[in-house]
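Quick notes on the structure that follows.
Chains here go by letter, A, B, C, D and E, matching the order in which they are written, and residues are numbered from 1 within each.
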């Protein structure tokens, strides 16, 4: 994607900073980068390790004019932030990037070791003689991606994929196991999962829609929705607060799960919630409409009283 | 330090809950310095005991376990105030309606009561003193509905020097009472007693009368309602029209005569009835030729006052009011749908009592002669059927209309007076004649006027040789009866007035399951609606006769006068408040607030946070539930208070 | 030197299990590559290749621990509080710790176990530390996040360990560092060997010379710190994953109307709430302020006060950062020594 | 072609064979397949079950339902009484577990009671398109005023039969209107005909049925239409008895719905068994039906 | 566990449901003793987290009740509540909470009998879940 660099440079003529990615020598993958000057923009890359959702930085930069390189899924987050009024449309310049699907670097590192340069070509990901099929280490959200192209953008970069989006992925691995569990088994499952939560709040901080940040109620002493103790019940309650506050707002970018340092499958909760919201309200976060819990039309709210 | 008082409520509570044991358990709770069980806490000695304990033990928070807070919360708040405490440092525990009265087992009920007290003790630790504000109250009242209830209320309120706006949906005030011939049990003429009051309304300096008008939108709250009133276009300039009725005479377009209950036709442009107030014509566009593509301009041409204006449009008038009286009256039950065996309205000589009232009336379509609609013949045999759409579960109408027995007896008497050789038959379930001189009146109908009362329901009405056969049971004789009548009068039940539900919604007040507007408490607050500052007068609250209606209208007027005479109102401190240091500025609160009570505030350091406009906030707490960081709280129902309750009750 | 054949490791762990919980790095079920120190049971697979997400410090400074319980008692008109201190309980042994983790324990010891009695001596820490045996597995390989070689001994550090295992063919050479280590090494599962210690990993080196001063020189250049921290999400992972970070918060929790407990739990200086004052004022309102503090504490104030860095180069903060930040870039950006 | 299980019941195979006959003709005309239930038994409406008490009133229809359960999805019971009994049994079996267990003990296997039970009006409304009917009847009934007489058990109790308005049923009317007939207002649609009192207290039946005929004539009805063999019996068979008892001279034809539709479709009164009707035998007004043939 | 006390938390709006529960009391309608009512001004005040917190703290069941749709004292609070609570109810299985343990319903101030019936059937439903699991 050589054309990205000139586009960023051009964007810098009208914005204060462009959010993009640069290669991290230590990690051997792309990491978020802030380009303030054209010279800095020479480091810009876009490859299949650019999983981070840079929209997370937008509310923090609300006082600046910001350019942002956005994949299809990232653009949904941007659109949602705009719909909720957290970000002004006029304050962002969206460089929409055609996305081939991002690989789960954790899986890559499991295959190749942390920091080994990952080379991605022709459906294979390779490094020092080892190769794996791309699909095997693709992020979950990228399988059956619903938005390969950005819903909102000012300029695009890269060829739009000519392939039809893949069908939604069949639940596999933990998703399959979870789906088959009884309610009681799920209760135990979450208790086990959250026994290793350390309350680092990486999930919250990596989430573009967790806009409360510093004043998040989870960490407030009062009123005490979740205790401060790092134990399974309290950590679980803390996460439920986050999930509840994301109802009708989560765009499914999977950043919380990617950020979790102890590998808790948070998306099981959010995917379920997003599905229910879509089923009940026909609403999918990341468009122009306000979330269904902030607005409603009484005339069209004609549910049965007792189901 | 905390004080806990456990009310015995005589034996209402103590019969099932061991109040002594509850007090003992309360005494052991953290921070409780005083706990006692009192026979009647709401009584004078009960309240004095609270005051004494507050002084002696320097209590600063009080828990009272007694009846429902809906009953006595206000009482005890005042008691705290008298004891020198902030009235909001009190929490009530409902151990009567929600404990002693619904459990039989003493052990179980006592344990639950202790649980509930513990919950309140936990909650009250999170209480903070709250201070209500004061706002000026607008010295003007709105009365909705110009029947006898609205008229009486408007006159009584204005008598105290408080200006009133009286809004009436139809072209004239007078309502249902103006349609009646004579009234029970005195048989005085309805018009004779009502018309002077109608005129008084029109002439009163302090009363602004708006007919053809309806409430469009209601904003604000007690003391300062902003209400939009829509005045429907009648194409007649009310100022110019003299009520000469030339337009009505010459108008070529027929239209139903609403005043005469559809028994005859009127015109598209007409005066509602000869005694109408205001005595002005109004044009109903749906029937007018000009408004249906025709070229007719007759009324405009002929009007000597030049009052007809086809271009007149609806006008929306906005006014501020301190209080509202709803006096929308009642509507008539449409029996044709639920009583197919009565002929579904196909027999012209099966009429309702409201129609019969017009046949009896000297101002009615027959000039006071009883003539049956089908052929204009004078009936000899008249059958009255009570409780049509009343006291009938199968029609989904279990309620009593409360006036049917009496007016049926009255109509039987009047029938005999009009046609001396007539015979009335009255099918009834029970004769309900509870009012002063009512029973004597019914008895008179039987003895002096010879009406035959048949106790039983009517099954079918069908035609036979030009007459109508009323077939029913005589439950006293245990036999089937068939009465061949010339005219059948159905005592159709009373319903809530059409549009009452919609109005209630605008006023934010409740309706009961029968559709009538609901009072706050059937005994203690019988004229107050659920929204503060809204009062009920007359049949809008439930079917009632004229004496009861006038009495309630007077009571509603007294409430309005009491409310507005002080000039200012205390506002509830139980509104939302924002803690700016916790606000993330996401404004979800503003999105969900039904009252537009959230505004943006820019702090000194440039942070933008939410701010509550207290005068608009009504204290629903929806914002509190929608605020992710918990920055906005509803005073009195904060997260901290609810969580304290919740956590404690589950321990 | 003592040698333990690979096939005796299970027996050793079982022996340790007799009077202690044995903690060993294991891959968490259903995760891609999350490794945590977890109680070991016979048959469980120990993962020594991947790096654990969290250090072993949790065994001496748990994420949450109850310091004592309390109970209100009515005494006449007043409420009195009675306190009961929780006592420990059971021994722990950690197997396959890394030298960088073990070394950090010594740093923590200096903070929580001041032997001189002049400073703080924490009874809970003391109890846990005294009951802990550390068996370290020396690193013969590393990844690009490691930078322990920047510090004195690098992968060869022995501080904090009781016994160090060096992988050699057929098993491990065992070097006893403490009396406990010597006791273990004397067990019949070990034998004498004259094999050579294997060469240990050489990890990345960063320039630490005059780092404290370099940091202070830049301290007031807030724009520098804003640029430096701009990708930082301000989560607490780096602090919690750091073997040397040790901040904590203390709070009380009621467990019934009259009884509750006082708890100590990890806190992280990257959180806004960390320095939030009750007035509402926050001296470190931006991530930049907090990032600056975190680095300055590690590489400036702490060395100044204690004579050692608050970092052992374990690389967890680099490996696990959700935003891909690398502390070494900042050190580099501070300029040459 | 849709095929239904057919439950004729005792009347249609004895006293009301013309009902069966006309039903089969009309069904055939509209390609409605009827598959008579094998080995059917009393519907349970006969006095016997009431007399003996116990569960017989349920067991008898339950057995019929059970047989039907092995056949087609839906079953038609043209006799209003049979329809009512079958629906009643269905209702009881699905609401009363104890009764269902007793029934299954009697049947010696799990009872199949879920077959959809249709009355005749329901079936015809479902299968016959009014437009099609109008096209095929070519106004043969035009000018004839038919009084729709539903009787009691077809629409009552409403919570069990779940069919039409119990006080003002109207479902026969679209069919007859499509066939060209006029339907005058007839307030005695559901008035009691006297029912089975005909044996024990004949005078009650005569009084009740007389009033129905009287009101029908008052309303300008040329003929009554019904779907209940018992009603038919009281109104038709006993019309002469009424005349004898009250000195009246009624000659009001009473037709089964299928006979009325059959006439409209062009079948002859003989084919439809109308000649068996006593009211016609005493009627001077058969001329109106002669007209239908000419149309 | 048969015979175990079922502890239910009820969040009731002040205007309708709470008044309905009072009405049931006035009519002396006996009810199971496990219900613990927390009064709120409006069902819209009920943050779904209160429900989740109740389960977290060991509630066997949680009931939320307010005014019938259209009758909200505040106009629209119960519509908003319905949206939130419907979602919550559907999420419960994924959270490891039997959905039978949660119910939201509308009770007017005059529906005392309905309230008593709701408490009875809800309590029974929870007992069934407890026995089944």
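Rule of thumb we're sticking to: a contact is a pair of C-beta atoms (placed from the backbone, for glycine too) under 8 Å apart; a residue touches a chain by one contact, two chains touch by 3 or more.
All of these numbers come straight from a predicted model, not from anything done at the bench.
Counted as hops between touching chains, the shortest connection from subunit C to subunit D is 2.
The fewest steps needed to get from subunit C to subunit E, moving only between touching chains, is 2. Taking the mean of all protein C-alpha atoms as the reference point, the chain centroid lying nearest to it belongs to E.
In terms of the distance between Cα centroids, subunit B is separated most widely from C. Centre-to-centre, using mean CA coordinates, subunit A is 36 Å away from subunit E. If each chain is reduced to the centroid of its CA atoms, subunit A and subunit B end up 54 Å from each other. Averaged C-alpha coordinates put the centre of subunit B at 71 Å from the centre of subunit C.
Per-chain CA centroids place subunit A at a distance of 68 Å from subunit D.
Counting partner chains per residue, subunit E has residues 47, 53, 76, 80, 84 touching two or more of them.
Listed for subunit B are residues 581, 592, 626, 639, 643, 651, each touching two or more other chains. Looking at which chains touch one another, you get A-B, A-C, A-E, B-C, B-D, B-E. Partner subunit C is touched in their complex by these residues of subunit B: 28-31, 33, 118, 121-122, 581, 648, 651. Those residues of subunit B lying in contact with subunit A across their complex are 581-584, 586-588, 591-592, 626, 628-631, 638-640, 643.
Contacts from subunit B toward subunit D in the complex involve residues 339-341, 343-344, 346, 460-465. Only residues 68-71, 94, 96-98, 101-105, 108-109, 111-112, 115-116, 119, 505, 508, 510-513, 518, 530-531, 574, 592, 594-595, 618-622, 624-626, 634, 637, 639, 642-643, 645-647, 649-651 of subunit B touch subunit E when the two sit together in their complex.
Within the complex formed with subunit C, the subunit A residues making contact are 24-34, 36, 52, 56-57, 104, 106-107, 109-110, 113-115, 173-174, 177, 196, 198-202, 204-206, 213-215, 219-221, 227-231, 255, 258-259, 261-263, 265.
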